[in-house]
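Each structure below is given as structure tokens.
Both of the next two complexes hold subunit A, though its partner changes from subunit B to subunit C.
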Partner chain A sequence: MSASPIIDIRNLRTHFHTEKGRVTAVDDVSFHVGRNEVLGVVGESGCGKSVTSEAIMQLLNPEITDFEGEILFDGENLLALDEARLARIRGNDISMIFQDTTSSLNPLYTVGDQIIEALQAHGRQSRQEAARTALEMVKATGIPSPEKRLSEYPHELSGGMRQRIMIAMALVCRPRLLIADEPTTALDVTTQAQILDLIMQMKAELDMAVVFITHDIGVVAEICDRVAVMYLGQVIEDSTVESLFDAPLHPYTRGLMQAMPTIESDPAEDLYTIRGRVPSLFDVPTGCRFAERCPYATGKCRAEAPTLEAATDGHKVRCWHWKAIAAGEMTESEAELQAG
Partner chain B sequence: MIQYVVKRILSLVPVLGVVAVVVFALVHLSPGDPASVILGPDASADDIRQLRDELGLNRPVPQQFASWLGNALTGDLGTSIYSGTPVTSVFLDYFRPTLSLAIFAQIIGILVAVPMGVFAALYRGKWMDGALMSFALVGISVPSFLMGLLLILFFAVFLNWLPVAGYAPLSEGLGTHLEYLLLPAISLGFIQAALITRITRAAMLEVMNNAYVKTARAKGLSRATVVIKHTLRNAFIPILEIIGQTFTTLIAGAVVVEFVFNIPGLGQLIVNSVERRDFPVIQGTVLLVAFGYVLINLFIDLIYGVVDPRVRLDQ
Partner chain C sequence: MSHATSPDTPRASAPEPLLRAVEVRQHFPVRRGFFKPTAYVKAVNGVSFEIAEGETFGLVGESGCGKSTLGRTLLRLVEPTDGACFYRGENIFEKSPSEFARFRRELQMVFQDPYSSLNPKMRVGDILEEAMKIHGIGTRRTRTDRVIELLETVGLSSEHYFRFPHEFSGGQRQRIGLARALSLSPKVVICDETVSALDVSIQAQVLNLMKRIRREFDLSYLFISHDLGVVKYISDRIGVMYLGNLVEVATAEELFESPKHPYTQALISALPKTNPRTKKERIKLTGEVPSPLSPPSGCCFHTRCPHATEICRTTVPASRTISDTHKVACHLYEGRA
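Let's look at the complex of A and B:
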């Protein structure tokens, strides 16, 4: 993993022009993904995970979006490419799968047609060859009676099957990077586990890197090598999975972990929730963005924004007090007050 | 698919039944006695009574309806009181020009409007969108008779490129036929185009928000493929719906345009027949137009089935 990363995002900012003014949905995000590595991107809904991934794919409407920074894919800045070049990269070198399983496939075409179309957009394969490749790919996803499925329309398949088809479609050109934006959120628990297994199996087979986006920190522990935790458009902690679960440094990450249901947790008892709500993009705090909700927040936190600093080798955190918190020198005074 | 077609056709039966009742009732409940109109103001009461007998107007209304409906089901809509020819053949004579006009206008409307709507949607909020939508607004606001008169003035009188008015049947050659129909079809198609442009734009904008359009882009498809194959085709479903729904307004508009261009179409037939109290022709024409409307909608439903597998497969 010492080789250059497949994707290297440097100080990415994404601004949207809205009717109510300009908002910065992604504010100085940097992370990289090594070849063959799985990076988890975690955070509550609305923290900028989808915007970041669609910025990588350049799927955002350029009319209302401005970017700053760099997204280096294999050394090439995606933000500087023209539409034709991007179209050759999309689906071929970088693929994406989405959360929504009901409408991510076009209802008017058979799933087979839609997979073949992805192949033919990038290859010089004949339709017959493409159909064969598509069938192999769908077989590999473990769908029962794959031949029959290919001639079916999306509405004839279950949510889990549609997500398998989406995966087959995304991977049929053997991309080097897969971006999976909450691919299991819309599915039931059993199907979720199957889809996760499938993604990991494909990752091994195709030797690709994965950016796995989720709001479920539990999933991260299972499949990721490294994790970037996002909060209100920023990365607030970036670490290997081991280091993060051993010793989460940011109070937000600690909160996410406490809020995670475990096998031992009593379903009758309410799970821990982080108090308060994510501030609006129109009302971004001047200091630390998490300060209002943080049990350790001090005056400094509210006044000055911390930067992402290296705590240990390969573990970065954006918090003024991470050292004191880790050493147990600060207590969750307000949090206890809240709970009592 | 066959099941779908049969089901659609069966569902038309009650619609046509209601139409038959309404048509009959309208004609028979409206004031004006056909016999006295036909015989003129000087006719004697005896003559009038005798003609009413011949026309079957003295029988109880339900009985009249039953025999009319019974004959209609066998394809016999009676004979015209005025000309003595069968209503069906009178209808067909006058229907052909109207049908030609409506189809031609519809084609012009669709050919102009769909690309306009697509571009307006793609350039939403830009000057292109503004220009196209203002054009559509003009199209909706200018009445077709005014449009017709302006077109006649410019292309027929001033430039002398096309005939001022009149009609040439298809038997005189397609070129001549279209030459006479072009201006009327544009006058009529303009409103239609305006309507379809708006629907196309709205439908495109709505479809563009769908996740599958994002998927299509994420696959690396070209912009043209994304727009045509993954957006326009889906947008066609509401567009078709509007085309079906506006069929009646199109026919109604055709009647006005026929008047301006002096085309012997259904408009003339209906106006003349009403003046003459030629009630078999009125009844027959309205019934057949309603039947045509129902057929068009059936046809459009069948196209739905072709375009949208969800319609075809869900019974």
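Let's look at the complex of A and C:
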């Protein structure tokens, strides 16, 4: 990468104090996003992908959360900033959109008022100016009859339209980084395709970087430049999209890609399954966190935790045996192939 | 009301299928004011299809297309507005509630939400026994044995008998939902978005389990989902719904290899690609799904269809036969109506 990254996360750890004790939801996560780059963060429920993004936005309750590490946004450590400086960055330089548009919009205000509020909170625009900017932004998201829509309430809009409003609101201050947390998960495929197009179009227009959090590896193939795969609070693979799809190195990534039924899956064959389920964060395994579900696991995996090492240029993996697995020198044991 | 809109009208010569829905309609009244006439949400608007013994029929479509309402209507969880549903040749829509109880044993359902579909105050064993109790099957002892057997069938174990639903993960709860549906030895199980809320790795486990159960219990599934990949994987035949209408029915391979209806084509082209290196042309649909309160005249898809012509705006397309196993309701195609 030529220029410095827009966001550079270094050894981030987040600890929550809960009634049941301390949990580390994100444990030693490092990744960076280049300017104008789209990074996909992939993983299943509980892998820490949302907590990581909420840490970037500093949305986590500081009373119950401890942080370690650094989140450098344009060289500035977000974890060390005071609330006033953060408030200027949040929404202005870094914006976020969420999966659940119903609870992200205020049901008592028109969507126009909410976009204007976002503008006025950050700029010194008059209400008229802000209204004009809001209209331009909503027009840019491709909503039909935008003037009319601005005077409507969230419940009058469909899910796809609400997500367009959320995008308009997030982008109205022209941020340099957009964090999109499963923005299309609740949407139908045809609407999802429209929203992905819109995000990519806005990214080009505003020259911004995007962190796209998703559980859907297909969406990653569609829009991302690079991917970080997360499992139980750690990044286990970090790669360019092409390299990941050509040759996924981590057994978990391989399993995830094969377990998803696509229209190319053979209906006569059972789906590939990853046995067991994700362990609790209260009971994190020593050694490799994936070991007890991994078909290649050895004694070493259960005893010692691997680090994220560079496999090839631009492709990192956290696995002791990636070389042997990639070379076909290790095979899955019989028991693991069993279905269900 | 228009008729003959559905592409899957059975041929007279064919043997009676296990389940046959004929022109099923579900219209919900909406009162808009004291003096205004009552409007109707036409959630299901004349849908016909059939499911053979041991077959999995997939029903796909986007939210609001009526696929879940159709599933619920077939089991009379909501009473149908019109139409018929034949199970082994008998119209179950005409049965009295007491007569219908007999059929409900053979027609079961698994719901989407694994959290709200299990009573949080009941132990899993009691949840699984309840349906057998209601239908007066077995003695206490044999029912308990059966519950333990069911738990093992779905990949749980007898130690789960006394547990409560909150002690289980989403995937395990869907296994319990499946076990409950199986407790009455049904012939048809309607699965409404059964794996949609699950993570990919858990989804694969449950899908494999559902396939195994289908073989072992010789079941037919009506598999309702918005996920085309999942539906393609599990179904023998697939019906595509749009705005309360079944617009296309074909075998799983035919539907994905040569989709005929412009809506099916758009739906398939909108799927995310499976490899970042492939280039894919997407058919872009404009506009939004119209309200089922006032569906468009003529073809229900004409407001968004890239190929719409005058006839589409005025005339409801009849079902055309593309092949013995492939039918489409669209004016673009000739063929036997």
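We adopt the following convention: the second predicted complex is superposed on the first by the 326 of 340 C-alpha atoms of A that agree within 3 Å, B and C clash if a C-alpha of one lies under 4 Å from a C-alpha of the other, contacts with A are read in each partner's own complex, and residues count from 1 in each chain.
Methods note: a contact is a pair of C-beta atoms (placed from the backbone, for glycine too) under 8 Å apart; a residue touches a chain by one contact, two chains touch by 3 or more.
Bear in mind the structure is a predicted one, so any value in this text is a computation, not a measurement.
Aligning the two structures on subunit A places subunit B and subunit C side by side, free of any clash. Contacts of A:245 after superposition: subunit C is touched, whereas subunit B is not reached. Subunit A is touched at more residues by one of its partners, and among subunit B and subunit C that partner is C.
By the touch criterion defined above, A:192 reaches subunit C but does not reach subunit B. Shared-chain residue A:85: touches no atom of subunit B or subunit C. By the touch criterion stated above, A:148 is placed in contact with neither subunit B nor subunit C.
In the superposed model, A:158 lies in contact with subunit C only, and not with subunit B.
Look at A:323: by the touch rule set out above, it reaches neither subunit B nor subunit C.
Of the two partner chains, subunit B is the only one touched by A:107; subunit C is not. The gap separating subunit B from subunit C in the superposed three-chain model is 7 Å, by closest C-alpha atoms. Shared contact residues of subunit A with subunit B and subunit C: none.
Against subunit A, the residues of subunit B that register as touching in their complex are 125, 210-212, 214-223, 225, 230, 233-234, 307-310, 313-314.
In the complex of the two chains, the subunit A residues touching subunit C come out as 44-45, 144, 158-161, 188-194, 196, 215-222, 224, 241-242, 245, 255-256, 259-265, 267, 270-274, 277, 339-340. Residues 62-63, 155, 169, 171, 199-209, 211-212, 226, 228-230, 232-234, 252, 256, 266-268, 270-277, 282, 284-285, 287-289 of subunit C are the ones that touch subunit A when the two sit in their complex.
Interface residues of subunit A, counted against subunit B in their complex, comprise 57, 59, 63, 83, 87-92, 95-96, 98, 100, 103-108, 110, 117-118, 121-122, 153, 155-156, 166, 169-170.
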